[in-house]
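Chains: A, B, C, D, E and F, in written order; residue numbering restarts at 1 for each.
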Amino acid sequence: MTDTPLVPLVEYAQAGPQVRAVYDDIMRTRGTDWINNFWKVLAHDPALLERTWQSVRAVMAPGALDPLVKEMIYVAVSATNGCAYCTYSHTAAARAKGMTDAQLMELMAVVGMANETNRLANGLRPPVDAAFVPEG
Amino acid sequence: MTDTPLVPLVEYAQAGPQVRAVYDDIMRTRGTDWINNFWKVLAHDPALLERTWQSVRAVMAPGALDPLVKEMIYVAVSATNGCAYCTYSHTAAARAKGMTDAQLMELMAVVGMANETNRLANGLRPPVDAAFVPEG
Amino acid sequence: MTDTPLVPLVEYAQAGPQVRAVYDDIMRTRGTDWINNFWKVLAHDPALLERTWQSVRAVMAPGALDPLVKEMIYVAVSATNGCAYCTYSHTAAARAKGMTDAQLMELMAVVGMANETNRLANGLRPPVDAAFVPEG
Amino acid sequence: MTDTPLVPLVEYAQAGPQVRAVYDDIMRTRGTDWINNFWKVLAHDPALLERTWQSVRAVMAPGALDPLVKEMIYVAVSATNGCAYCTYSHTAAARAKGMTDAQLMELMAVVGMANETNRLANGLRPPVDAAFVPEG
Amino acid sequence: MTDTPLVPLVEYAQAGPQVRAVYDDIMRTRGTDWINNFWKVLAHDPALLERTWQSVRAVMAPGALDPLVKEMIYVAVSATNGCAYCTYSHTAAARAKGMTDAQLMELMAVVGMANETNRLANGLRPPVDAAFVPEG
Amino acid sequence: MTDTPLVPLVEYAQAGPQVRAVYDDIMRTRGTDWINNFWKVLAHDPALLERTWQSVRAVMAPGALDPLVKEMIYVAVSATNGCAYCTYSHTAAARAKGMTDAQLMELMAVVGMANETNRLANGLRPPVDAAFVPEG
C-alpha cells in the first residue's frame, strides 16, 4: 500500500528555517508533535509548502461550515478522485474530529450516489430546468 | 447552457402507471408539484427510474448526517466531476434547505483545496503515514 | 449547447491534399458524404488527424468484439468523463449501428452503477481479494 | 498492492441477520461459497449493503444487453476512473463469463482511444454537429 | 455555450475595498483594464478571492519553468478535467504569451496520448519498473 | 506499491517477430537495453503495441514543443488522473531529459492550482468571457 515518494521526505532535523517555521505552525495548530508525509514532500519547495499550508489552515478553520463537515467534504472529493493518500489522511482527520462509523458510511453512500447520478446526467444530458438557474 | 436530451423527456401526461407512481412519490416527498428533467430522461427505463429514485430518497433522508450536509456533499462531488446539470440542481436543492452564500463559497473553497492537494499527493506520492491506517 | 471551437474548422474546400485524403477515407469507411467537426479541428495538424483517424479506424473495426459493443464502450467512457461532444457523437454512432433505446438505458444503468461502486471502493479501500489476482 | 480497509471487514460469522441474508443471496446468485471484500466493507451499513447489492443484481442481470458486455462496460468505467479494486474484480468477473484475452485487449484499446479523443474534443471544443442531436 | 453563474458577478463598481484591491492588482499584474468572470464569482468571498489570486500570481510567475510552459500545463489539466471555462481562458492566456497554433495542436496531441496510456496502464496494471522508483 | 498485471508480461525471449520489432525500435529510439512493463502488457495485442508505440514516438518527438516540456505535460496529466504507473515512469523520463527538482516542484504547483481553479469554475459556473472566445 505504501508508495516510494518521488522526492525524498524532508525531516525536521534536516529542514531549513522556512520549512521548520511551517512545520512548527502545523504542529501548533493541530496540537500534535509530528508532521505527516504530505508536508514532507512539499517541503522541497518551501514557498509551495508555506502557501499550501496557509491555504489549508484558512480553508479548514471554523467558519460558515463546521470543521467536521469540511473534513467530510474533503473525504468526498478524495474518494471521487481516487487519491489513496488523501482518503486515508482525511478520513483519519474526520475521525479525530468526531466522525462516527455511521457518519462515514452515510458519507460514502452520498458520494456513491452522486457519482452515479452525475454520469446518468452526463450520459443522457437532460436540459437544466429553469427553476434551478439563478435569476441573472 | 441547455442541452438537448439524448432521449425525449417523459412528461406526466404521457407516462404509464409505474412512472406516474414514481413521479407522484417524488412530488409528495419533496412537497413540489413538478418533476425535474433528470427523472424525465430516466423514465425511459421505468425500473431504472424507480430504483434510482428509491436509492436517492433513502440516501438523502435524515440519518447520521444532516440533509443539508448531504446536499453540500452532493454539490462537492458534482463540481469535482464537472457535471453541470447536477451542480445546478443540487446547489438549488441545498439553497432550498437553507444553504447561505457564505456556506456555498466555503464549500467551494474546500472542494478547490481538496482537488489541489489530491494532485499534489498523486504527483509526488508520499507514503501513507502509519498513523492514518486503521489497525487491522 | 454549441461551443465555439478553439481553432477554426477546416472545411474540405480549404483543405490540403493530406487532409483531403483522410477526409475521403473517413467518408468511404463510414459510407457518408460529410465530415463531423471533431476531424475538422484536428485537421490543423494533418499528422495528428491522420494518426488519430487511423487508430480509430483500426480500433473500431470488427475484431474480437462486435462494433456495436465497441461504440457502447465508447459512450460509457465519454459519459464517465463528461465529454459532451463525444457523448452526442458516439451515441449517434451506436444508434446507427442498431442500438435500441432499451440498450442505451441499460448501458447508462451499468455506467452509473460502476461509477457508484468505484467510489465506494476508493473511499473504503477493501483489499483486493486474492481470487481476483491472476497468478504471476 | 493490498490496501488496509478503512472499516473492518464484516465476516459471515460475525454478521447479523440482515447482512447474512444479503451474503446468502450474493452467493446463491453467483453460485459461489465466498463473499468478496467489497461487500464486507459495505456491511457496516446493512441498508447500504442491501440497496447496493439489489441494484447491482438488477443492473447486471440479462436484459437488452448481454451479461458479458455489461461486465466489460464495468471494466471500461473502472479503468477510466483508476479504481484498482474494481478493475481486478470486474476483469475477473468478465473472464468468468468467458472474456478472452483478445477481447480484454480490444476492450482496453477502445477505452484508451475514447479517453484520448474525449480530451481532444474537450481541449479543442468542436461544436456538436446538428446530425448528432436528436430532434426535440 | 455561456452558463449563468451560481452567484452574481461582482462588478468593480459594486465591490468593497478588499475586492477592489485584488481587482486592481490583477489588472496591474496583467497589464489589462478588465477583470474576467472567474474572479467576479470568487469575489463573493473576498478572502477566497484574495488567497486564490495570490496563489495564482505566485505559481504562474517566472521561475524554474517558463510562463508559457506553465500556461500550457494549465491547459493540459483543464482539457483533461473537461473544464470549459478554464480551457477557453487559459488557451487565450497561452496565446497571449505567444503560443502558436502548431504548439497548441502538439500540446493537445500529448494530452490525448497521456490520457490514453494512463487508462491502458490503469486497466492492465503493469508493475512499476524498479528503474522508475527513486532510491529511498 | 507494485501491482500484479492483469495479463502476463511478454518478455523479449518469448516474443514473436512483430513484438520483437517494436521492442527493438523502442530500445533503439531511447538508447536503452531494456523494455519497461507498460509495453510488456500491451504486447498481448501486437497491433495495439505497435500502434501505441508509433503514436508515442511521433507525439513525443521534437517539434513545436521541446521534448522535456512534453514529458512534463505527460506528468501533469498522469498526476491529474491519478495514474501511479504513468507518474513514476514519466517523472523518470522527464528527469532523464534534464528536469530539475525545482522544475518538478513548480510543475506540481501548477498542476495543483489548475485542479483547484477548474473546480471553482465548474462549481460556480462563471460565463466564458467573450474576450476568450476565438472569432468564428
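Descriptive notes on the structure:
The rule is short, and it goes like this: a residue touches a chain if its C-beta (ideal position, glycine included) is under 8 Å from a C-beta of that chain, and two chains touch if they have at least 3 such contacts.
Nothing here was measured: the structure is a model prediction, and the numbers come from that model.
Common neighbours of subunit C and subunit F under the contact rule above are A, B, D, E. The greatest centre-to-centre gap from subunit B, using C-alpha centroids, is found for F.
Per-chain Cα centroids separate subunit C from subunit D by 20 Å. Between the Cα centres of subunit B and subunit F there is a gap of 33 Å.
Shared interface positions of subunit B, i.e. residues touching 2 or more other chains, are given as 1-7, 52, 55, 78, 80-84, 87-88, 91, 102, 105-109, 111-113, 115-120, 122-125, 133.
Listed in rising order, the residues of subunit F touching subunit D in the complex are 1-4, 6-7, 44-45, 48, 52, 81-83.
Subunit B contributes residues 4-8, 47, 51, 55, 58, 133-134, 136 to its touches with subunit D in the complex.
Per the touch definition, subunit E reaches subunit D in the complex via residues 75, 78-80, 82, 84, 87-88, 107-108, 111-113, 115-120, 122-125.
Of all residues in subunit B, those touching subunit E in their complex are 1, 82, 84, 87-88, 91, 101-102, 104-106, 108-109, 112.
Contact residues of subunit E toward subunit F in the complex are 1-7, 9, 34, 36-38, 40-42, 52, 55-56, 59-60, 63-65, 69-70, 72-74, 76-78, 80-81, 83-86, 88-92, 100, 102-103, 105-107, 109-111, 113-129, 131-133.
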